[in-house]
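Okay, so subunit A shows up in both of these, paired with subunit B first and subunit C after.
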Partner chain A sequence: MRIQAGFRKERIDRGIKARTDDIFAIASCREILYLVGPRFLLIAALLIFPLLKSITGIYWQNVLMITATIALLALSWDLLHSVGLVSLGQALFFGAGAYATGYLNSKFGWSPVLAIPAATLLGALFSTALLYPVLRLRGIYFGLITFAVPMLLMRIIEATKILGGTEGISGLTPLPGITITLYIIIAVTLVCVYGYQRLFETDYGLVFKAIRDNDRSVIAAGFNIQLFKAQAVFLAALPATFAGAFLTHHYQFVGLPAFAMDYSVLPMASVIIGGPGSFIGAMLGAFIVVPLSEFLRTFGTLRIVIYSLVLLVFVVGLPQGLFHYLKRKYDQFERLVPIEEVEK
Partner chain B sequence: MSQDTIIKVAGLSKNFGGVKAVNGVSFELKRGEALGIIGPNGSGKSTMINLITGFVKPSSGKVFYNGRDITGLSPDKIVNLGIARSFQMAKPFYNMPVYKNLIIPLFSPRARKLAGGRHGDRDESAIHLLEEVGFERDSHIPYKPAGSLPHGYVKRLELARCLALEPDVIILDELFSGMSMSEVAGILPFLERLRDEGKTLIMVEHRLRELFRVVDKAICLNFGEKIAEGAPEEVVQNEEVKKSYLGSEVVSGA
Partner chain C sequence: MTSSVLIFGLVNSAILMLTALGFSLIFGLSGVANLAHGAIYLSSGYVAWIFLNSLGLPYFLAVPLTIVAAGLLGAAIYWLVIMRVRGLGLSEVIATFAVGVAILEFFRWMGFVTYEFNLPVLIKGSLDISGVSVDYQRLVIVGVGILMAALLWLFAHHTKIGLALRGMAQDEYTALSLGIDSDWAAALSMALGSAIAALAAVVTLPLGIISINLGYEVLIMALAVTVLGGLESITGLVVGALLLGFARTVTGTYFDPKWMEVVYLIALVLVLAVKPSGLFGKYKELEERV
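Take a look at the complex of A and B:
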């Protein structure tokens, strides 16, 4: 069989190399637009959506809320992944933040303004301390532990009846209206993407990447990698514990579902689809995974089949993730150029 | 232990299961000396290095550095005391540009402390170090992903990684293996200069001719035991060394 030969695909970088290391050399408005355009569009879309309550209905506003939550958990997953730690238990962070704020709010009456930041920090410290002993484990071994820990905590709460046991803690202080709530979580998500990206441009962040590439040489450079991994876990835990604490006040309830597997699986799926390593990919991934899952509810029992197929198509078709694909399409022209026929 | 002894190894042993990888080895090294460790494959040379640098904990025996017992200290602590090492199977940080590989040691606790807060431009220091070990400054190589480096360059990057730590002792595990003749010839004068500047060197090598241009003392290991020690020319004349390592081949030292 002979496919219409005679052409091959050629990729050309766009002529704009606006950023060379640390000099900004922007020549025209068009180039500025080229650079900030995508970012602006993304942020604008996120800022406008909460205002469209009358069009989208409260249901989709809630979906956006869950999406941002999963995006925060996905960002957390991506940071851990950048240090070479594969987490199968993002629910640990989520649950830690959720229960911390539930306890502070119900027991001491702390308002969410205090309780959420405190729970974010406490939850992150708690998770880091819990994972510290297993940080020397690698790959799937670390993953398995993180997978087991949320379930373990769930059973402990169930058995000892602490923190409300199976009933959970309800009647927590609600957040202000949905629009402000959405703006807060969107802002936190964007700050997190930006913060993580900046972190990885520093020499300190470079050590994280180095640990993933070759931890032996990082030790040989005089770093205590156990300590560095702990710092990575803490930094990664922050958005995730925040998400847990924030959603808890949104629902005014915390209970065993805070450690549910969804909070572990969806973030991982998001990063795999969006593409690891860029943080923006993790966020984009969440914006596909969660709304898709909601949209497919209308398909009843076929939902999970279609969902799996779509994920499969993404993973096989775009192994590097959606973000890398989009970036390449955006940065390069593609055109077909004729090639000389070698054989008849 | 005399005043200027920098490294002292006393009765060091390591068993891996039933294998005695290193068996009761002792030696001393004075500040500014260069020691060569030779011996057949599997004789325990790399394990010896791992024991000194803390990457492997000894089954028995002790390691002293500047008179201080460092046995059992974690490897990162030992590096920060001033003992840098390279690996036989050198691996770069694949996903970074070559020069960024050196930011890691330049940013290490030791390097930062020595720089005393004003570290200047680490990128510039990295390029400078690469130049010293023979990377062409104006080429594009320092900016390429380290994963694409040819093996000889990886080994030189490994040496640069050690130098970035401004160590007092440099331990090199088979630096020359995987390098071409001309690459070895290129790096030799640099190693000689390090020695002449008073750095303490320990080198594991199979290329004896080149090794003996740098070191002024050698030991030979066989099945984990030290079978000879002394001036390089004496060591290669030792009957047991000839029998176990050099075979019938006659090697003349430098």
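Take a look at the complex of A and C:
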């Protein structure tokens, strides 16, 4: 987009945005609608979709299931990113949760009601303990570790034949009907978005943000950033391990595919497309990325090529992400103003 | 047994060093972690194959053409993609990774997956070294590896362009103030690194068939060697490659061959967890990594 010579672009908050920022938000229906509308639309769409089973068919219900799973993983990625940790291996958390619930269910016969929460906690503790020694690494180097660890765990399970080896564990207790299952995972996703957003408004969340922006000044302020990063990893692992445990019971099977690259790449793609740092963007991204990949199935193996190119276009062309772009359009308007000549 | 481990360990190390050299050069000089490295390596293999088999060019014309083509590809990737996201660490990583996956999967879609895709060796036949038969191609690899390491050292320390690139790597702002163009330097390092990747492909690929998954494997190899050896010097790279190469050969000979690829991953994780600066890293690397 070229801007005419002698002009510059100016962005100004819309009047309604300025008014809804404070107590006047409740002055009229229009302001309330402006505030609540987008959120309400999103939640309503999510709640209505599972009811449309007769129209969409079971196939797209399953797609929604995977979408919500990837959304949870993306939220987890976004939290880690907000603390300055770039994860290239969300599959680690996913696999940890999946194997924990598989083991509890098959070995001790725990019902999913008990096994899934227990596996969520266990998986999160396990991954936090595993990553604790390398939390001091920064940027790409932390990413490399998370990239390597799921592959290593996969090889270890393959070679030592623990936890079912290459065959995995099958015959797990199924979840009740698809509609209830979908509502549970959607509810968890929404709670997670809301919880994370609130977390970052507290003083506790402020420390996380500070670690991302400048970790050394946080150390200088007397915080133990290793401990804070560990807590962040634990908090971020929770939705991801839950997703792993939940999908495992949905498929009634856990095996090596739980550490597949898909669970690492798709969440990352979601956040990049949706916009990092806002959590809702991560969720929106997942709702673009996963259905898109389903639509592209008609292209066969060319699918991954198209997919990578779409990702590339987003990374290069819209680096701040779709959510921030939409939010800007919603809250602000743009106009061209002539540049004043500076008197010599 | 011992002599075979020694010889093949050396060959493996030379292969590792050659494949990692391009990646390490780009990472060390322009700070871009070029995750499309494996794709560039593999696509040069296919380009060489096309030159040789579809166009019927002679070997000594096809190889230089391939290397030039890979260099141009690297520079093009820089100008079209990386330049626009330069400095945004995460975007760089994802953009180059996406380019790499797109290239690799494009070749898979084109059907470059069968056994007919292999490159010819430079010299046929084999040599007997203390009871171990080594084909000439492996000796060529070792020779080219040593030659490239020496040439790159000379280039980086004793030519004006090499010094300019290293200056850029050490302190970008100071280099800019001395009139070195940042984008030019980075594009040049990208072109050079890709050309070296192409050379590595032409020399090492004749050992087997060209398969798509090799592209991903090469990337992990390059990452492991670079992390292990650090970026400060070519010495670190050589020692890193030697360590990993021998570790790989020993694992393959005395343990199960299926653990061979795990060696890289374990080395990567252990080095970063225990000594994040790399084996020979100086303070600058420690500062970057921790």
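What we mean here is this: the second predicted complex is superposed on the first by the 310 of 344 C-alpha atoms of A that agree within 3 Å, B and C clash if a C-alpha of one lies under 4 Å from a C-alpha of the other, contacts with A are read in each partner's own complex, and residues count from 1 in each chain.
We adopt the following convention: contacts are C-beta pairs under 8 Å (C-beta built on N, C-alpha and C of every residue); 3 or more make two chains touch, one makes a residue touch a chain.
Because the structure is a prediction, the values reported are computed rather than measured.
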Is A:Val149 touching anything from subunit B or subunit C once the two structures are fitted on A? First, second, both or neither. second
With both complexes superposed on chain A, which partner does A:Ala44 reach: first (subunit B), second (subunit C), both or neither? neither
Can A:Arg136 be said to touch subunit B (first), subunit C (second), both, or neither? second
State whether A:Leu206 touches subunit B only (first), subunit C only (second), both chains, or neither. first
State whether A:Ser308 touches subunit B only (first), subunit C only (second), both chains, or neither. second
Of subunit B and subunit C, the partner touching more residues of subunit A is C
What is the contact status of A:Ile272 with respect to subunit B (first) and subunit C (second): first, second, both, or neither? second
With the two complexes superposed on chain A, say which partner A:Phe223 touches: subunit B (first), subunit C (second), both, or neither. first
Indicate the residue numbers of subunit A shared between its subunit B interface and its subunit C interface, in ascending order. none
The residues of subunit C that touch subunit A in their complex are 33, 81, 84-85, 88-91, 93-95, 98-99, 101-102, 105-106, 108-109, 220, 223, 227, 256, 258-259, 261-262, 265-266, 268-269, 272-273, 276, 288-290
Residues of subunit A touching subunit C in the complex: 81, 86, 88, 133-134, 136-141, 143-145, 148-149, 151-152, 155, 159, 268, 272, 300-302, 304-305, 308-309, 311-312, 315-316, 319
State the interface residues of subunit B toward subunit A in the complex, per the touch definition above. 53, 55, 74-76, 79-80, 84-85, 87, 91-96, 100, 103-111, 122, 161, 164-165
Subunit A to subunit B touching residues, read off their complex: 203-204, 206-207, 209-210, 212-214, 216-225
